[in-house]
Amino acid sequence: MSQVNIKPLADRVLIEPAAAETQTASGLFIPDNAKEKPQKGTVVAVGNGTKDEPLTVKVGDTVIYGKYSGTELNLDGSDYLIMREADILAIV
Amino acid sequence: MSQVNIKPLADRVLIEPAAAETQTASGLFIPDNAKEKPQKGTVVAVGNGTKDEPLTVKVGDTVIYGKYSGTELNLDGSDYLIMREADILAIV
Amino acid sequence: MSQVNIKPLADRVLIEPAAAETQTASGLFIPDNAKEKPQKGTVVAVGNGTKDEPLTVKVGDTVIYGKYSGTELNLDGSDYLIMREADILAIV
Amino acid sequence: MSQVNIKPLADRVLIEPAAAETQTASGLFIPDNAKEKPQKGTVVAVGNGTKDEPLTVKVGDTVIYGKYSGTELNLDGSDYLIMREADILAIV
Amino acid sequence: MSQVNIKPLADRVLIEPAAAETQTASGLFIPDNAKEKPQKGTVVAVGNGTKDEPLTVKVGDTVIYGKYSGTELNLDGSDYLIMREADILAIV
Amino acid sequence: MSQVNIKPLADRVLIEPAAAETQTASGLFIPDNAKEKPQKGTVVAVGNGTKDEPLTVKVGDTVIYGKYSGTELNLDGSDYLIMREADILAIV
Amino acid sequence: MSQVNIKPLADRVLIEPAAAETQTASGLFIPDNAKEKPQKGTVVAVGNGTKDEPLTVKVGDTVIYGKYSGTELNLDGSDYLIMREADILAIV
């Protein structure tokens, strides 16, 4: 899990997406543009929540989220997603 | 019913869809792409609900839901649907 | 009225649509694809309502609803509609 | 005013539209498909209102409503409109 | 100001639009289809308001409203507009 | 600042837009149809606000607003904009 | 950080966008129209917040925001963005 110096606002959560699989179950390598965007990642920073929406997820949780959720951010050369906790489906 | 290690957030429910029928009532086999997507499934995990929406369904309930409800998830090779309880129509 | 083993969730109601008329007033038989979808039916199961929306209709009520209201469900070979009580226009 | 055996739900009102004028002011007869749909009618049944919206109109009131308001219903061979009271503009 | 026998419902207001100018400042007469629809009129009837929206305008006020606000009504041969008070911009 | 005899309703504010610049910084005159619509103006009248939205701006304030905010009004030959205070971005 | 004489209204925040990078990591200069619009900037003025939304960010904070957030403003020859605090994703 990366260390980041960033504080999401309100009910937002910063997620480091899991690396996309580069090999199929049968051993074939997947070219870069055919890899499916992962829907799983690790929470690396959380906001303070809001009066109405205290946060449930914690830094370090592995979470599942919808395919088109969140805003992509590049911080220090790494790609992250920042989204509202309401866009997170489940903790695994 | 499958065992899954996943905790849906808030008012979300994880459902294992019932297998689509592979044979018609009169005994004809249905090719894969003609099978109607089932609208029935078993609840395998539930969230904690929200202050405004405590959950009604329980793990093990057989539920009916709308054709296009929920987000498809693949966990350990099995397909699930995760949806808000408000998308569940009835318990059978 | 059919007996069904189903519990609609929250403010939902299960309706058995009235059979479409198969004959016009003047005695002509109506071919199947020209029959107008009925907007009248019998309530066969009701949910528990919600804190904000206690239910008004009861099992056995004949109700009128909008042409495109509800979700079609097939249970044990019969067709039903499941809809929110707010989609029911009147009791006759 | 017709007698109807129907109970609108909640804040709904059943209206018997006024007959469209069949003759212009200057005495010309208007063919059926050129008649403008009337926006005036008589209230023939009202719901119980809701906690938030007690009803203002009463059975027998002549009301004005928007051109495309309400759902058309045919009861015992007569045409009615059923609409929420909020779609009624004024009492005349 | 016309006398009308009509009671707008809730937060609605009946307005008699000011006559469109038929002559330009320089004295040219404006053909009927080039006249700009006026956005000014006189309040001729008001509803009782709602619990949340007591009315501010009074019968006799000259008001300004948006170009496409309200529903056109013809009462006894005169054209009126009926709109919610929230569609009135200002009193002049 | 013009004197106007108009009372905006509720949370609305009447603004006299600043004159568009007719000359560029380098001294070129700008033809009329190329002038950018100003986003700055002077508050000339304010409503009483609402229970939920007391007004912050005062008559005489210079304010900045979005390019397409408000409704254009012509009063006594001058052009004004009337908009809700929520469409005003800042006081300068 | 620039000094500006402007008071954003309510929950709005004035941001001075960070200068777009003019050189790639490998030393190539980026032509003006190929520079990516920065999503990072410095807060230069804040509103008073609202009863429901007290502000979290302070003047001097470096913030990250969505690509299409806010309204562009030119004040004294410099470009700024004014947006609601809810459009700010995080403080870095």
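Note that the chains are named A, B, C, D, E, F and G in the order they appear, and that numbering of residues resets to 1 at the start of each chain.
Keep in mind that, in the parts below, contacts are C-beta pairs under 8 Å (C-beta built on N, C-alpha and C of every residue); 3 or more make two chains touch, one makes a residue touch a chain.
Not measured: the values here are computed from a predicted model.
Any chain touching chain D that also touches chain G would appear here, but none does.
Averaging C-alpha coordinates per chain places the centre of chain A 55 Å away from that of chain D. With centres taken as mean Cα positions, chain E sits 24 Å from chain D. Chain E has no residue in contact with two or more other chains. With chain B taken as the origin and chain C fixing the direction of travel, the chains line up round the ring as B, C, D, E, F, G, A. Of all residues in chain E, those touching chain D in their complex are 5-10, 12, 14, 45, 47-48, 71, 73, 75, 82. Contact residues of chain A toward chain B in the complex are 39, 56-57, 64, 66, 85-86, 88-92.
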